[in-house]
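Listed next: structures, encoded as structure tokens.
One chain, chain A, appears in both complexes that follow, with chain B as partner in the first and chain C in the second.
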Partner chain A sequence: MSAVIQAEKLCKWYGNILGVSDINLEIQPGIKGLLGPNGAGKSTFLKLAAGQLKPSIGWVRIFGEKTFANHRIYSRIGFCPEHDSFYPDMTGWQFIFFMARLHGAASPRRAGEMTEKALATVGLTDKKDFLIKTYSFGMRQRLRLSSSLVHEPELLFLDEPLRGIDPLWRIKIIRLIKEYEKAGKTIIVSSHVLSEIEAMTSDIILIHQGRVFAQGNIHYIRGLIDAHPHQISIRSNRPRQLAEKLVRLENVLSVELDEATATLIIKTNQRDQLFDFLTRFLAENDIEVDEITSPDDNLQAVFDYLIGR
Partner chain B sequence: MNEKKTAWALLTTFFRFGWKNKRSRIFLLFSLIPVLLLLLVKIMQTARPASFTSAADLFSNIMLIFYFQLLIPVLALFFGSSVINDEIDNKTLVYLTVRPVPRWLVFTGKYVAYLLVMGLITFLGLVLSFLIANFDLLASAESWRQLLTYLAAALLAITAYSGLFALLASFMRKSILIGLFFVFGWESIVQYFPGTTQKFTIIHFVKSLLPYAPQKSGFLIFQLEPSPVFSSVLVLMLFSLITLIAAAIVFQKKEYILSDSN
Partner chain C sequence: MAIREKGYTGWEGELKPSSQLWLPIFFSGIKTIFKKKYAKLIFGGVTFPFLIFLIAVYVRTKPELRLLSGLVRQLATDASLFNLFFTNGFLIFMLFIFCIFAGAELIAADLRFNALALYFSRPLDRLDYIGGKFSILLFYLLLFTLVPGLLLVAFKMIFSGSLSFSPLLLLAILVYPFILSMFLASFTLMLSSLTANAKFTRIIILLLYIFMDALAQMLRTVFKSDYFNLFSIQRNITQVGNLLFNKGQSAWNFPSWLSLLTILGLTLVFSAVLFLRIRRAEG
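Then we have the complex of A and B:
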């Protein structure tokens, strides 16, 4: 199967600030998750791939063609940007109709049909005649998605498409993306939330500090995460008793007690097993827990672990 | 891809939204100030004919000072710059540049739409002013010929100024400041310099087209030394064409970075 996207030695600098560096990859048809913390370089990569930015070094090709300012490829590409930007004095319908016309719809009637279909796909038919400036953030996000779908492209770039979307529409959009894949299309979706990407695909690219850190199956990253120590913070009414028990466990690497806040900071390399144990132990010994948090659940902390900080 | 259809889509959409936006409404109201002034003068002149300068004379002065030296350059500055600047500032550029339309066509379509909006705003005030000022002379063919000359000069001035400001906006972010300096500094001062120096302004060639020569007396020593009409038209047309082609080329090739890239 030929690659839809190819990048070689791709670098982008904004003056002295690194956007992405030395990216070499080939992306095959299907859903590809672009995962990384905020500022990792996901949006820069998507903009480079979608021809919105010019590479500083190296190149990126889509369907074998260079992308920057190459308007010929855009009949095959849809791009949903991260920016919450619109023409506020247009209605949702006028905006999508305008986009459909720019895609060379054969007639105004055909552009109208394309518009109705795209708006229905994201559930905005009943709000189509409202000015965009009256839309909620979630509705504007769905409208952005609709603008990228209106011409039913073969390749779709979605930059944080679930940001600000309510839970019901989150499920619907994830389903929509999967249906797109089943139709033989390629979707590149970025997010800084692991669970969002996991819900759509198991095929991921990890980006951190502008570099591709790892790529492949999501279970691989899960394995990497599990192999590294995790922190768990527990605030309870009997922290000393809990600490005494925990230090004896094999999967606990260290336990620190903050007396002032009655909080334990536990480091473990087998998080799931430790949680199983904690659930049993707390129940059996009637220990009250005010709060259990895992500071490592954010992606930045996971990446910090993986790069050995 | 049918480029005529997409060009038409760009033109009609941006004309509609350019015409409806707040900036256009403000400029439209501004352009009607001379109309009210002339109406007032006309009424007073009718009541006491000997006491006032004739409305027709006032019309030619208003044309020069208000429309050609103030409204048109400022209108062209804001609309010409906004062809590109608005898309960058509002981060809407991406919606236009991920469509199968060459960038130069996006620029040209939007520029022509804004040119029509600027033309409408200017022509409306200009024609109304003419009708009021020349109410008694409407039967004269010469009056109508003069109106056509004013309209043609206004169109050439709008095109030349807006072409220049669109070009500035295509490669610099703070083009409005440079434009303000150009309009109120360079154009206002250099047009009064003697000899060929005044030909380094747009207003020199625009004034050379106007039917009424400026008054010879005044506090400034140097006055307009008009260029021939044909060469003035040619210079303005060539200047507009070159700046617009240059702006389209820059827009086609330049990378515009919308902030918040990560």
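Then we have the complex of A and C:
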């Protein structure tokens, strides 16, 4: 199967600041998740791939053609940026219609048909005549998605498409992306939330500090994450009694007591089992818990762990 | 409540690669400007000189009416009529006002709303984008200059009952509005591309319009040389009119072709800066 996207020695600097560095990869058709903490270089990579930015070094090709300033190829690409880029005094319909016309819709009637379908796809038909400035954040996000879908691209770049979307529409958009894949299209979705990507695809690219850190099946990274000792912070009224019990458990690697704040910092390699135990133990011994948090339960911590910091 | 699910439905139409992708920008811009509150006021203001000159053209054929006698005396020939119409201070001022209100935000708004990415992620290039923006301003500027000029020609023929008209003068009537409109459009769009703040652009246009004229006047008075009129936008525009309609005769003692060169040179410089600005913004 031929690669949809190919990048070689792809680098981008913003002055002295590194955007992405030495990216070499090939992306096959289907859904690909672009995963990385904030500031990792996901958006920069998407912009480079979509031809929005000029590479400082190296190249990126889509369907075998270089992308930057190759305007012909943009009719085959849909790009949904992370941030708003609208004219707030236009209505949703006017905006999508304008985008359809810019994509070369053969006639105003055709552009109108494309607009109606794209708006219906993201559930904005009933709000289509409202000014964009009156839209909520989630509606604007859906409008962005609609503007990238209106011309039915073969390749879709979605930069944090689920940010600010309500849970119901989150599910619908995930379903929409999967349907799009079934239609034989390629979708590159970026997110810093692992579970969002996991719901769409098992095929991921991990980006960190501007470099591709790992690429492949999500179960691999899941395994790494599960092997990573998790920290759990518990603030309770009887931290000593809790600590005494916890140190006896095999899946607890360490327990640290902060007397001043009555907080325990526990390290475990089996977080789910520990939570099961805690639920039972706290209830049986009538221990009051003010707060349970996982200080390292985020992608940044996982990346830090993976790169050995 | 049941949730009505709408999945993706494929559109089965076709997208035609077009060499006229500036047209959607043009049509969208025309509509947007027309809907603005200030538009009617500006349209009214621009129509005013046309109405006055229309009356003057009529009165010129009916001297017994003794209306607008001062103006009619200046319009002894067709050339002087059209020269005065195209270079009258009020019309030029209204064209600047139009550029200030409608033109200043054409690119500044795209910068402000981060909308350049919208254009350049579509199959249109820099030329399409700039062409689209230029065409919006050109449409209105020609509507305010070329169209009334041609209407005056038509009415002049109707009132005088004669179809005779100097072909050279007709050529001047066609060429002058294009030079003027290209200059004003490139000037406005270049300034609009410098900042995301349209208010700032408006102020700069107004200041340049007023300040350059005042500077020219001051330098002319101090150094007693009409060549300093080249600093003034209005006076250069007037001199170009004198060159095209009055064979270079003017109240100022400096060659009018210098003004034409200045206007054409500035148009090129403004356009080049505009292209560079957009290329930088593109990536």
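Rule of thumb we're sticking to: the second predicted complex is superposed on the first by the 309 of 309 C-alpha atoms of A that agree within 3 Å, B and C clash if a C-alpha of one lies under 4 Å from a C-alpha of the other, contacts with A are read in each partner's own complex, and residues count from 1 in each chain.
Just so we're on the same page, contacts are C-beta pairs under 8 Å (C-beta built on N, C-alpha and C of every residue); 3 or more make two chains touch, one makes a residue touch a chain.
Model, not experiment: these values are computed from the prediction.
> Clash or fit: chain B against chain C, after overlaying the two structures on chain A?
Once both complexes are aligned on chain A, chain B and chain C clash.
> Contacts for A:142 in the overlay, against chain B (first) and chain C (second): which applies, first, second, both or neither?
neither
> For A:230, select first, second, both or neither according to whether it touches chain B, chain C, the two together, or no partner.
neither
> Let me test your reading of the model: by the given contact rule, A:81 touches which partner, first (chain B), second (chain C), both or neither?
Touch partners of A:81: chain B and chain C.
> After superposition on the shared chain, which partner residues are touched by A:72: those of chain B (first), chain C (second), both, or neither?
The answer is both, since A:72 touches chain B and chain C.
> Check the residue A:41 against both partner chains and state whether it touches chain B (first), chain C (second), both, or neither.
After superposition on chain A, A:41 lies in contact with chain B alone.
> A:110 contacts which: chain B (first), chain C (second), both, neither?
second
> Under the stated touch criterion, which partner chain does A:61 make contact with: chain B (first), chain C (second), both, or neither?
In the superposition, A:61 contacts neither chain B nor chain C.
> Have a look at where A:208 lands relative to chain B and chain C in the superposition and call it first, second, both or neither.
A:208: touches no partner chain.
> Quick one: classify A:176 as touching chain B (first), chain C (second), both or neither.
After superposition on chain A, A:176 lies in contact with chain C alone.
> So which positions on chain A get touched by both chain B and chain C?
Overlap of chain B and chain C footprints on chain A: residues 50-54, 68-69, 71-75, 77, 79, 81, 83, 85-87, 89, 98-99, 101-105, 147.
> Can you check the complex and tell me which residues of chain A touch chain B?
14, 19, 38-44, 47, 50-54, 68-69, 71-75, 77-79, 81-83, 85-87, 89-90, 94, 98-99, 101-105, 147-148
> Show which residues of chain B lie in contact with chain A when the two form their complex.
Per the touch definition, chain B meets chain A at residues 1-2, 5-6, 9-10, 13, 17, 20-21, 90-92, 94-103, 252-253, 255, 257-258, 260-262.
> Considering the complex alone, what residue numbers of chain A touch chain C?
Chain A reaches chain C through residues 50-54, 68-69, 71-75, 77, 79, 81, 83-89, 98-99, 101-106, 110, 113-114, 117, 120-121, 123, 147, 149, 151-152, 168, 172, 175-176, 179-180, 183.
> Could you please specify the touching residues of chain C with respect to chain A in the complex?
Touch residues, chain C against chain A: 3, 5-11, 13-18, 21, 23-25, 27-28, 32, 109, 113-115, 117-125, 282-283.
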